[in-house]
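Okay, structure first, notes after.
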Amino acid sequence: MFNLKQIISSIADAGQKIFNRSDIKKNDINSILDLCDDLISNKGAAFGITVARDVTKLYQILSPENKLIFFKRINEKYKANFTEVDEAINLYKISPNEKTLANLFKASSGKRRELFTRMNMAPNGTSIIIELREDLLKVLKDNKDLKVLDDDLRYLFKGWFNPGFLKLEKITWDTKAAVLEKIIQYERVHQMKDMNELKRRLGEDRRFFSYFHPALEDEPIIFVQVALTKGLGKSIQELMKPSNDEKKNYDTATFYSISNCQEGLSRVTLGNFLIKRVVYEIQEELPHIKNFGTLSPLPGFVDWLSYVEEPKIKNILANIKNQDVSFLKSKDLKLGDSRIIENKEAITKLVAHYIVNEKNQQGLPVNDVSRFHLGNGAIVEDIVINANVSEQGYKRAFGVMVNYLYELKSIEKNHEDYMNNNKVIVSDKIKKYL
Amino acid sequence: MFNLKQIISSIADAGQKIFNRSDIKKNDINSILDLCDDLISNKGAAFGITVARDVTKLYQILSPENKLIFFKRINEKYKANFTEVDEAINLYKISPNEKTLANLFKASSGKRRELFTRMNMAPNGTSIIIELREDLLKVLKDNKDLKVLDDDLRYLFKGWFNPGFLKLEKITWDTKAAVLEKIIQYERVHQMKDMNELKRRLGEDRRFFSYFHPALEDEPIIFVQVALTKGLGKSIQELMKPSNDEKKNYDTATFYSISNCQEGLSRVTLGNFLIKRVVYEIQEELPHIKNFGTLSPLPGFVDWLSYVEEPKIKNILANIKNQDVSFLKSKDLKLGDSRIIENKEAITKLVAHYIVNEKNQQGLPVNDVSRFHLGNGAIVEDIVINANVSEQGYKRAFGVMVNYLYELKSIEKNHEDYMNNNKVIVSDKIKKYL
Amino acid sequence: MFNLKQIISSIADAGQKIFNRSDIKKNDINSILDLCDDLISNKGAAFGITVARDVTKLYQILSPENKLIFFKRINEKYKANFTEVDEAINLYKISPNEKTLANLFKASSGKRRELFTRMNMAPNGTSIIIELREDLLKVLKDNKDLKVLDDDLRYLFKGWFNPGFLKLEKITWDTKAAVLEKIIQYERVHQMKDMNELKRRLGEDRRFFSYFHPALEDEPIIFVQVALTKGLGKSIQELMKPSNDEKKNYDTATFYSISNCQEGLSRVTLGNFLIKRVVYEIQEELPHIKNFGTLSPLPGFVDWLSYVEEPKIKNILANIKNQDVSFLKSKDLKLGDSRIIENKEAITKLVAHYIVNEKNQQGLPVNDVSRFHLGNGAIVEDIVINANVSEQGYKRAFGVMVNYLYELKSIEKNHEDYMNNNKVIVSDKIKKYL
Amino acid sequence: MFNLKQIISSIADAGQKIFNRSDIKKNDINSILDLCDDLISNKGAAFGITVARDVTKLYQILSPENKLIFFKRINEKYKANFTEVDEAINLYKISPNEKTLANLFKASSGKRRELFTRMNMAPNGTSIIIELREDLLKVLKDNKDLKVLDDDLRYLFKGWFNPGFLKLEKITWDTKAAVLEKIIQYERVHQMKDMNELKRRLGEDRRFFSYFHPALEDEPIIFVQVALTKGLGKSIQELMKPSNDEKKNYDTATFYSISNCQEGLSRVTLGNFLIKRVVYEIQEELPHIKNFGTLSPLPGFVDWLSYVEEPKIKNILANIKNQDVSFLKSKDLKLGDSRIIENKEAITKLVAHYIVNEKNQQGLPVNDVSRFHLGNGAIVEDIVINANVSEQGYKRAFGVMVNYLYELKSIEKNHEDYMNNNKVIVSDKIKKYL
């Protein structure tokens, strides 16, 4: 044990490389757990930064197997003490008041959150804890017992990544290359192969915004890409074309991509704040832009169609004649298949049905992109055939994309209708297909 | 009620001055509480930034009386629901596991912390919530029931002001005047009357560091002032003198002032982290500086002496002859009284006794400056007569100050001795007086 | 001589302190002149930065006496070679063409400008050469032969301080204290005693702009101070009062102070560019500001009045009755003397005459502030009695100040009238007094 | 003429787009020349920025044909006035003193430099004048009369781009993409096809420095690329390889590329200052780097060899047996031809001869890269066969490159030997081949 104590470097060696010292056992569960004990103790309060640094460094060099063991051990070790909880319950039962309640709250809290809070004092602590959650998410499916550990992390992240702590930054061609490189890497919706493709998205008729967190320098958290258009954009391929110089009378901001960057922050929702904040920024900069909406993908539609029964399809398409969508299920569907256009009405009807009527257990749309925008107060404005004529676009949804419209004067009412009554609001245009 | 709803400005009017609108009732408890309800609801999740902005703006213009009412109302309204707590206890009792525990934790949490967390989304949210706590602290003494509300705020602040989120900045004559002006205003220990006095403290033989928080632009959180000296500094007046040009062979960093800037952050301790971080910075920049210590005030000593009984004093001074400290209690004590020097030994003995032997209920020194440095692992190095020859210095402690020494190789052991055994460690020099 | 060569540090010792070396003779004319020879030679082309650094460092530590000798020696040593000039004239005479002309130009140039150009390569070179000119200006009156050296410096400075190379910066309370301190020091027109007085001039109803040069970090070159007012400002004391909060409907920018900061840049006029640039900046930021003018001092008026003969005064005041300005010449004139107001008309007439009719040898007004603004295209708008009720104001001009008006639509025409026809344009109001 | 006058926008319309006005004749020689007259007149002194802006804008939209006419017209119009020169000569002849000399200098100066100096006041003036010189250089060969105009520009540029005015910046992956894109475009020596290739050159074992001028934001002026190596780098292909992680004990900085960015600044030499400055920077950052040298191309060698006669080659290769370099002249030489290696000795001998013995009219090496480095005080250290195994490398010099060594303790002496005695210094290794 003694050598373990020594690795708690005093301030004096704060600059030293701890791993040059012979008495450190790398990739050793007991070493790191002993340090965790120190961190959570009084010593952690006094020497927190140093101890936290050592814990995070040791964590990073654990093998994947040991990381799993580490998760299980801290999950158990720092959970609430059931005896203390029982005592707190007793005290509360005898005299249920704010004081006994506070005691109960504290007893039931456990120490896992406190452990992570103290680890956060380390240099790059926040970044390493996000990485830790990424590691945790990978093993979560096979280790359901760790879900409570993940809940604790997510609880903390919601506080740490409060929109009030985030900085919005405009990404331009004047942004440092190191950040742009990460942007390329993190873009998930419409991928870019190099800096040139990114440059087009930073042109004068485009806007690109990202949230950053002060503790994560040069690390985008979530970003959104906007095209200035005349009316809502109807084709991803059009949006990716080089800009021609003639000034168009742009009146619309089409949000065509929104990407979460950090796996470790999954389910810490920031997208809705980002969209609204960017709408505000664009209104300030470009007062002549009056309409705000999206050109969004339709993930899950292909899957859904593959499972849905023929009679149900017939039923949906009831009053349409001479339309046949069976080719969508065939393997010979190729990029640009002319039958897509020929059966435009039927496909639109199917998509409208899928978005509006197919619900999950909570009575909300099964499609999660829809849920996101509807929850924000947007409406389903349009369904666009051949909006994404690419392999990926066809694979995702036969090239179909959806315009959601953020009508500023009614988004709040829309939101309430959706939240309180599960009501999916669609434009008059779409109503015809339902 | 309807007009209330309207003040939840949609994103569209995010830039508008809400108080220009006729339907807003300023300084109205029900208006702000309704908005708090919105903020904590689903609407808050979707439109958080806007609602939070309105809540914080309305809060700021409440009258002091209404602020107190507001505190009492949210304290009650968003406390844990006792029925839900009882239910959660029952479920836990039936089956005490992680899931029922998490449920119990949630039920006993209440919603006050969540309310503040959401208010934090507002522009300048963090700053306004600190201000709110400042307001709360003022009324706390007469409204003990609000202590739990304050506990909730302090709980949140400990997370938000984690050292991992703070930025250390060197304050120099190149710092913007707006920040320097605040520094002058916040300095509590040895006050400055103008920029010139501050400039001296930013000279080449001085260091000045402050913690900042990213959400509080240009607002110092806590700062520390250091003099480079030959041996530990023994006189505040010497430290304030203009620097003469001759290069001295500095070997010591004397910390002579540490000030918390934000009343609203009181008891969110950051001082120990700051001191250790600054020791590290100085080591990096100036490797020839080998000693680190303080020249610290001795608040409370005059008070203590006024209450202590004569026999006890006699006892403390037992084996000293020809020394008389009774003049310290007389009203004719003047700045620079020669009897201070003449009775140096007796005064030193009294101070040593006061620091080391006078304990509070926890068995720790009654003097809180001592508690702070001892808790950090420092030792009592020296007691210095006439270290602060100023009206304030005499009023505080007859001009006496204390050197605490941070000996890097032993601070960790000192800390443990102090925390575990309530042991106050003093230098050999001081031992002689005990 | 050999040790001299050694002080030309090779790149290898570029970081060394040259003056720690035993072989350097400080304050030695021959040492520095030898280095100047090196600098102007091929060696200077190859090792310019190092040699230039040594020359400038040696220059700075010359005694005032040696500086004068240094000026005289380089003035002589690097002047044009008369033999070469004669030869160039001969060649040109034989065949007057672009080539022989270029040769003549080169021969008549001498090497003094080239010497300073190469010294400019040194770290802080520009700053040191400005300092050198400051030194030169001090001895110029008694050493008329050095005027040509000064002409060379001024010729260079006009190129280096081309407005295209200057950066305009807004000075605010967010400016670094080190710059604000210099601003206080450089303000000549209405001096400030401390940072608080400066802060008032940086308030919301004030604007403060300074030109900076990229090679002179944190060194203001020339700055101008503007008050936003309702109509042109009529009283310096009013402008210095703390701002009251009520929003006034400002429609005018009153320029109330413009100061050159660097003695060494005297007669390198930048003021006219600064004023016009600032007018442009204010128009961009505050489109509702429609009028631009000054509240300017009247230096020289007291002097002029002390010399002017009684009959001439009588003549100027011919058609005014019951007015007596003789008290202005008496020694008992005190701040706020009521006779100033009682004889307002007479004083205004005298000032109007002084500004408009008293001319120098070039036929332009003797008053140089008038020349500056008239040359910029402004007109004499108003003469204001008791505009500067301070000791300094009375000493300068019995408290009288002048409003010059920059009427944007006519400044160009005004300028041409003034430049081509020496015409002084005054407002209708002032015409009545002439 | 009147409408022309109007285009001199008063300050009032400084923000207006002058070309939206109907009275402006674009691409009209007389319009722009009239404005040039204004600029050089008193009006230019008072309204310089505005007039300069109009001149530069009009210049930029001249057709190439009109640009040539413009050059010829200003070359003539603003040249020295021969009558004035004659008068100045007469005055000087009568009394040759500093005053008449200054007058002669002024008369022979002409006004072309003054015209450009005033144009420089325009927004982006410096950048546009560099562009103007680029235009001028294109037509110079066919318009020898314009050489004096170019001389005037170059004279100005030497003052404006004095190393004292340039900022050295380290280029890294944190540099803004807009600058990196220009770097890629400007790199001439070893071209890069995309950002990824550039990224490799910004790695931890590389250094990349560029000079910038404050008036040319984000525009590199000249940059240099350095590889940290163990001994001098011997292969461009090795230097371009991805870095492997193992830490090598670098002891050498190999400068492998130096590129001038601005055509318009050609013959305004800054390269020697840059190299020495970068040597200094690297010494500061990496004190363990002891050797500084280059891996440089050998342009012109292929050409030279194609012209040189067979007997001369025989002579050069006199005492080498079994070596045959005739294949170098054949058309079947392919990348990686094994005969290059087989005849290594002969090729080295030829190159050594070419660098050291082939001189131009001034008695200096014909190879300009050699002249550059030798003039800086470097020596010819090594000749490296197959140092650049690429199409371009073979086309330039059969893959041969040269190491020049900057030995810090002797570069000054080397420089003097070279400048005074035309002496080319080579290493012992190379001596063997001569």
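Note that the chains take the letters A, B, C and D in the order they are written out, and that residue 1 is the start of every chain.
The definition used in the following text is that a contact is a pair of C-beta atoms (placed from the backbone, for glycine too) under 8 Å apart; a residue touches a chain by one contact, two chains touch by 3 or more.
Computed from a predicted model, the values in this text were never measured in an experiment.
Asker: Go through the assembly and pull out the chains touching chain C as well as chain D.
Answerer: Touches both chain C and chain D: nothing.
Asker: Of all chains present, which has the mean Cα position farthest from that of chain C?
Answerer: A
Asker: Between chain A and chain C, two copies of one chain sequence, what rotation angle (nearest 5 degrees) aligns their Cα atoms?
Answerer: With C-alpha atoms aligned, the rotation comes to 180 degrees.
Asker: How far is the middle of chain B from the middle of chain D, if each middle is the mean of its Cα atoms, in Å?
Answerer: 60
Asker: On a C-alpha centroid basis, what's the spacing between chain B and chain C, in Å?
Answerer: Computed value for the inter-centroid distance: 50 Å.
Asker: Quick one: chain A and chain B, Cα centre-to-centre, how many Å?
Answerer: 37
Asker: Out of chain C, which residues touch more than one other chain, so two or more?
Answerer: If we look for residues of chain C contacting two or more partner chains, we find none.
Asker: Using the touch rule from the top, collect the residues of chain D that touch chain A in their complex.
Answerer: Residues of chain D touching chain A: 173-178, 180-181, 194-196, 199, 218.
Asker: Please output the residues of chain B touching chain A within their complex, sorted ascending.
Answerer: 8, 10-12, 14-15, 42-43, 45-50, 52, 79-80, 82, 85-86, 89, 92-93, 96, 98-99, 101-102, 104-105, 108-110, 117, 120-122, 125-126, 145, 148, 151, 156, 158-160, 162-165, 167, 214-215, 272-273, 276-277, 279-280, 283-284, 375-377, 408-409, 411-412, 415-416, 419
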